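Below is one structure, written out as structure tokens, with a few remarks after it.
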Amino acid sequence: KNQKSTVEETSIEPKAGGELVISDATDANTLDPHKATTAASMRYIENMYSTLLRYKSGTYGELEGDLAKEYSISEDGKVYTFKLHEGVKFHNGDPLTSKDVKYSIERIIANEVRAPQFEFVEKIETPDDHTVVITLKQPVAPFLTFLAYPMNAIVNKNVVEQNNGSLDKADAGSGPFQLVEWKKDQHLILEKFPDYFVKGKPYLDKVIWKPIADNTARTTALRNKEIDIMLQVEPQDIKKLENNNGFVVKSVTGTFWEYLGLNTSKGPLANKKVRQAIAWAIDRESLNKLVKFGQAKVLTGGPIPEGHWAHDNSNIYPKRDLEKAKQLMKEAGYEKGFKVTLKVSPKQDQVNAAQIIKQQLKEIGIEVEVLTQEPSIFFDALGKKDFEMTVVGWVGFVDPDEYLYNIFHTGEIWNQQNYSNPKVDELLEKGRVTIDQEERKKIYADAQKLIAEDAPMVFLYVNKQTSAFVDSVKDFDVNPTVTTISLRDTWLDR
Amino acid sequence: MKEFWYRFYKNKLAFSGLIIMVVYAILALLAPLIAPYGPLEMHPDQMLSAPNSEHIFGTDQFGRDIFSRIIYGTQISLKVGTISVGISLILGVTMGVVAAYYGKWVDSLVSRTTDVLFSFPDILLALALMAVLGTSLTNVMIAIGIVYTPIFARLTRGSVLSIKNSLYVEAARSIGVSNLQIVLRHILPNVMAPIIVQATLSFALAILTEAALSFLGLGVEPDTPSWGIMLNEGKDFMETAWWIAVFPGLAITLAVLSLNVMGDGMRDALDPHLKDEVM
Amino acid sequence: MTQELIKVENLKKYFESSSGFISKEKKVIKAVDGVSFQINKGETLGIVGESGCGKSTMGRMLMRLIKPTEGKIFFEGIDLTALKGKWLKEQRKNFQMVFQDPYASLNPRMTVYQIMEEPMRTHGLYIGKRKEKIKELLDIVGIPSSYMDRYPHEFSGGQRQRIGIARALAVEPKFIVADEPVAALDVSIQAQILNLLVDLQKEYGLTYLFIAHDLSVVQYISKRVGVMYLGQIVELSDSDELYGNPLHPYTKALFSAIPVADPFVKKERIQLYGELPSPLNPPKGCKFHTRCPLASKECQIKEPELKDVGNGHYVACHAI
Amino acid sequence: MNDVVLKVKDLKCHFHTRKGIVKAVDGVNFEVKKGEILAIVGESGSGKSVTSQAIMRLIGQKNNERIEGKIFFRGENLLEKSEEEMRRLRGNRISMIFQDPMTSLNPAYRVGSQIAEVPQIHEKKDKKSSWSIAIDMLHRVGIPSSEERANDYPHQFSGGMRQRSVIAMALASNPDLLIADEPTTALDVTIQAQILDLMNDLRNQMGTAIIMITHDLGIVAELCDSVAVMYAGRIVEQAPIKELFASPKHPYTRGLLASLPKPGIRERLTPIEGQPPNLHDVPKGCMFAPRCPHAHEKCSEQPMLNNINEHHKVACWLEEEM
Amino acid sequence: MVKFILKRIFIAIPVLFGISIIAFFLVRLVPGDTVTAMLGANYNEEQAEVLRSKYGLDKPLMVQYFIWISNVLQGDFGESTFTSQPVISAIMERLPVTIELTILSLLFAIIIAIPLGSIAAIRRNTLIDYFASFFGLIGISIPRFWLATIMILLLSLKMGRLPSGGFVSFFEDPIANLQCMVMPVIAMGTSVGAVIMRMTRSTMLEVIGQEYIKMARAKGVPNSLLVWKHALKNALIPVVTVIGIQAGYLMGGTVVIEQIFSLPGIGLLALQAITNRDYALLQGTILFIASAFVIINLFVDIIYAFLDPKIRY
């Protein structure tokens, strides 16, 4: 079915016009690209703003120019030169120039939220209105990826100033759609920006975003055709929607992977053998089946999923092996098992996984007590490393560095498991400054192997990224990175 | 008292409510004997199977037997009901008696405090308390207990105020009976009727509140077979696997219903106006 | 010869109604406003008056159920108003009350035995032989002692009133305040209770303060009778003297208003106009002047004193 | 002037309760003439109120209430009338006053409008003229400054004023028959006297027939023309007032009169011993027999209410034998 | 009357004060603080300190409370730490939705409950009485969120008549507005209606047993007038109190219902504020909801006074 609709999409000429209603589970907190942290905010922002580069539709991790017509990188990987498209206009009619690019990057750094991505920027120069030269202190391998990140958007300085520095509810963008109205928790209305610099795009006249939190309500809304696109389809609803005529359900392996985190600081879990025993004792297939209805992709090695260039296909834990697990427990001196607590936030899938893990670990003598905690308390506890086990997830996004560095490098803030392996540290540091992709691929493959063997986390699976839509929606790309910028190319066959 | 039981017994609806609650209590006590499976026992190969001879209420997402979980859930719900109502009963009745009996500023203080607590909608207050206390069965019971305290305080205060000036209390005072004795022997036994009725109703509310808290993810530990949690888990399967939500839903509704008819029946049985009427 | 048991001096009770929450003006109900009398041992003093004139309030003050605002109550020479706590409890044995409403004055959740035992337990009396004593008391008031384990609602009004009397007798009091004890009863039962009270008085030398609004009952049972109006005693005298020769215009009107159960007697009725004034703001001067057929200027200004007109007949009226 | 307004024949009112049938009224006969005041006396629970409410057909609607017999009001049997016909009579030709003035007025409406409702309903008068009738009625029952007081709510009235308002309501349509069920029991003697005078005037001026229900023999003696003594759902004696007081025949009537304290006499009262019967299980035969000092074998049979002279009837075997 | 209202207002003041104390300290007792929640990925002590002093969170609690309450008294509820929006405007934005939902649910409940309760009382032990009792019991026994989900499946999905959720302002499109209110209103109103119905039934039963109703019947008042004029007004007096209490509960109940039906109201805001540890917003919403309850009940008392002349005069 999916194939069929893809074939159709390519064979017909796009039609302009129409109004599209799209629904996400939650609403954004802010429209300010440089402050936003949630995916919901990102989806609004990426349709309102342009970035220097962008992800290529239908790929995972490949980039193409957006505002940048072309770009070059110096030999040493420290100087980036971007040529901008000419005649680009902001929604208020102001021209977009290299000054705005410089201003935006400086604003990102000032706003702190994503400052670390630009911490090695030495200077930004604007030799003319359409040229930007960024000089780094040292090579940063994922730098282009960072620039393509939808929330590292180019904003209009004037608008920022008009709004006293806050873009929470304002539109300072130059993207395909412009803001009409945002009523929090009700709707966000975007309309076509007629002066969008890519001629002929977007096709849609209007896009309406509606947050619907309740799952039943959301699928019902789609099936009643109150909405055209539903993002983030839950695994259990996939079958249900596929069985309906007139809808397309499209899935790709995403970047959101879930794991069983093991705090390596203290107790039995500090023992590598115990952690490995746990890794062997977990039945990922069964978890996938029960929790995700078989819709997720089981992780038997490192966390970077199939389809990503940095995926490592060494099967370290190919199948559950209780014998091995028990053996390892015995070697570690915990033949009789022990008790641990497992903290989890009220996210239903993770709560479910925790319950099953509890049952699975019982078989090697580990008694797990599951504690659900209200999200902010939970994340607070994780940050303070105040947990023994946890089931939680991580959005890897695009570059392998984003996948691994912050969570596995010694001492990094998100290294909640308190994991430390000098060899891994070395590899991760190296991967950061290596520009050549082939070389990086090897580095990250090694790192993933080491990490999987050390098992500070038991990688469970990568979730699919699934959207469902009415079949008259064409050229809507379901991207692993959860972006929806393809709305720029989407059209309605009505 | 005999009269009361007789009239209660005659009220078929209320009496069947009592019977149902007794059955629930038996189920709770004998759960391990009655339930065919363990409440946590998973059968991955039988996930989401519809009611059949092996699993008469079907299974849930993990292949756990719904019937068994409901039976074990009875333990939880009755425990939540009993203990949280117990807490509010003890706190509320004490507050009410003290306020009404001592009057003056004590009364003002207690009354205003109950007014304040009363002003917070039950779910919201329970939610905030759960956030403070952290999720666990004990905390659910404490939170619900606190939330329903003001009702009992008000009710008790009102009843005590009306009885405080009754002639028989005056008679006891004229004899020289001490305040404590008056409260214990004369006032409490005579205000218990409306309080007991309220207790059955609050019991029902407590079950519902636990369910709502679990629905919002702030209830008991996640694999506890609480009716509320089961309901919440089943909510998303309402269409594909209705049995997951429907059976615990029915269990809740039936329990709440029974408690309510019991409460109503008790009220009627205690009401002297209805004494001589035909049934 | 006759010994004084109770002496009341200038007794007052003002109730403050606290409705003046914002405006600080407090409303005062002068329920009892300066009453003095004494009762001799073994005697019955009857009190009559219209509803709301303060009869019950006075009775409750004598019982020390409420604290007088002013004035003194002497019981066998002891000032009850000065007593507190243990001392008061000790004295409570000596005076008891029988209430108007036999339906409301017995705790519906206690058996007759429990009701009767409570005063004994409170005062630590008859330890070990309470049951016999209760039987004896029930016998005296004419309730079969086999009914000891029944609840009040299983008895008729007259029987309940007997239980109430038995309870009062349980501590062997010297003085009983009977607040309209027969008002809720049928005529045929009323006579039974009145007989019982009279018998008890004879047998135990009890002293009664008998409150009622049925004048013939008061006349029958009391040696002396006081007539109350708006918190004050307006006339107080030997009962036969009072009934034969009422002096106060209010007493006269009151007596003339009572229907006599004899169709052959036709009597002149003194019509009283207007309603009983509210005790919240009673009239100045003589409180009766608003309804009095004899009212003069003086009555509006000056409050009359209760003065002896001979034969122990006291009247508070300027016209006498 | 001798026309009969109300004639009650063999009236029975039974209540079916769980404990059995309560024969609250069990075969009652009497009649009231124009301008006559008939007293019905009797102890609490003897069926006085049930009788009066049966005449008004205020009971008999529920399925546990059974009314039998005949009630002729100006020749028409009320028990055969439809509810709507009955409604048009109530408050119009037959009025009733209840015992408790504190609860007989609707607390939520002005006194005046509650009285004005009567002409509004029965004579289809408009609001304004009804209101002036109400004021007039209040004035006639002796409420001072009735124009203003008509605007008051019941709780602003004293007990006596409330009872007078209830009477005003009952009289607003000049009824042929007024049933007063213990209209003064809750009132003070001085107020009671005013009310009794009011009723006496009414009878004298309008010729209204009145049934006065009471247990106060004083009221009976002072106000009424004839009297019916009820005991446990039956009339045991009926006579003109003077005759009854002069020569009571039934032992119960005698007992009643004897148990009243007499002015100036301090001798021991002679009460009727025992308690009134429990209507759930009434004794067979004469109801009064268990308390009767003269009871003998014959009393196990029910005595009939027989005339001993033209006006005096009594239901007792003793009289039968004489 | 004026005196009565003033008195009620005077009583409300300490209650509101108590509410503010509980709203404030309860929020502060909740573990995890706004700054950690805000910084999220970028948490570090220094920044946290900066933010804490920016929001005055480094001061002692009592001081914070007094600053907050004195600002509140001047109409300044502070700013949401998450959206930097003034709390008062966030609340005002959402208020219409919650108010509409509450009022419609209440109206729905009252329109069903009062006639049904009255008729059930008059026709005691008849089919309609049994039906009413059944409705009353089911209504209070069914969890709201369960009813809501079932309704979405039945009314919206299977019948396709009603939108499954979302909100359209009444001023934009009245019909669409009412359509999207139908299910939430039923979900909220049913239990409230059940409670009001039961109350109406029992007070009505009590009232029709009163002497003055008998008196009115003896006066020849027709049955319809007897019920709807003489009895109902008196029966309504206690019912009004219950309605007040229920109105308050309804505002709280919106937490669940707004979530399910994606209605942008106060309840949803409160829930988000709890998750985000958005102190100012949470304090604001809690204070607001609880005060609304107090104010509603103040109005109820005034209505009460209108119904009950004993209070009015």
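By written order: A, B, C, D and E. Residues from 1 in each chain.
By our rule, contacts are C-beta pairs under 8 Å (C-beta built on N, C-alpha and C of every residue); 3 or more make two chains touch, one makes a residue touch a chain.
For each chain, UniProt lists the protein as follows: B, E = Peptide/nickel transport system permease protein; C = Oligopeptide transport system ATP-binding protein; D = Oligopeptide/dipeptide ABC transporter ATP-binding protein.
Because the structure is a prediction, the values reported are computed rather than measured.
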- prompt: Which chains does subunit A share as contact partners with subunit B?
  reply: E
Task: Name whichever of B-C and A-E has more C-beta pairs touching across its two chains.
output: A-E
Field: Separation of subunit B from subunit E, taking each centre as the mean of its C-alpha atoms, in whole Å
entry: 22
- prompt: How big is the gap, in whole Å, between where the Cα atoms of subunit A centre and where those of subunit D centre?
  reply: 90
- request: Starting from the mean Cα coordinates of subunit B and subunit D, work out the distance between those two points in Å.
  value: 51
Field: Touching two or more other chains - residue numbers and ranges from subunit B
entry: 131, 134, 235, 238-239
- prompt: Residues of subunit E touching 2+ other chains?
  reply: 31, 149, 153, 157, 274
- line: subunit D partner, complex, touching residues on subunit E are 210-223, 225, 230, 233-234, 237, 307-310, 312-313
- line: Seen from subunit D, its contact residues with subunit C in the complex are 43-44, 144, 158-161, 188-194, 196-197, 215-223, 241-242, 245-246, 255-257, 259-266, 268-273, 275-276
Task: Would you pull the subunit C residues touching subunit D in the complex into a rising list?
output: 50-51, 156-159, 186-192, 194-195, 198, 213, 215-217, 219-221, 240, 243-244, 253-254, 256-264, 269, 271-272, 274-276
Residues of subunit E defined as touching subunit B within the complex: 11, 14-15, 18-19, 22, 26-27, 29-31, 137-138, 140-146, 149-150, 153, 157, 206, 209, 245, 248-253, 255-256, 270-271, 274, 286, 289-291, 293-294
Message: Can you tell me which positions in subunit D touch subunit E when the two form their complex?
response: 53, 56, 58, 87-92, 95-96, 98, 100, 103-109, 117-118, 121-122, 152-153, 155-156, 166, 169
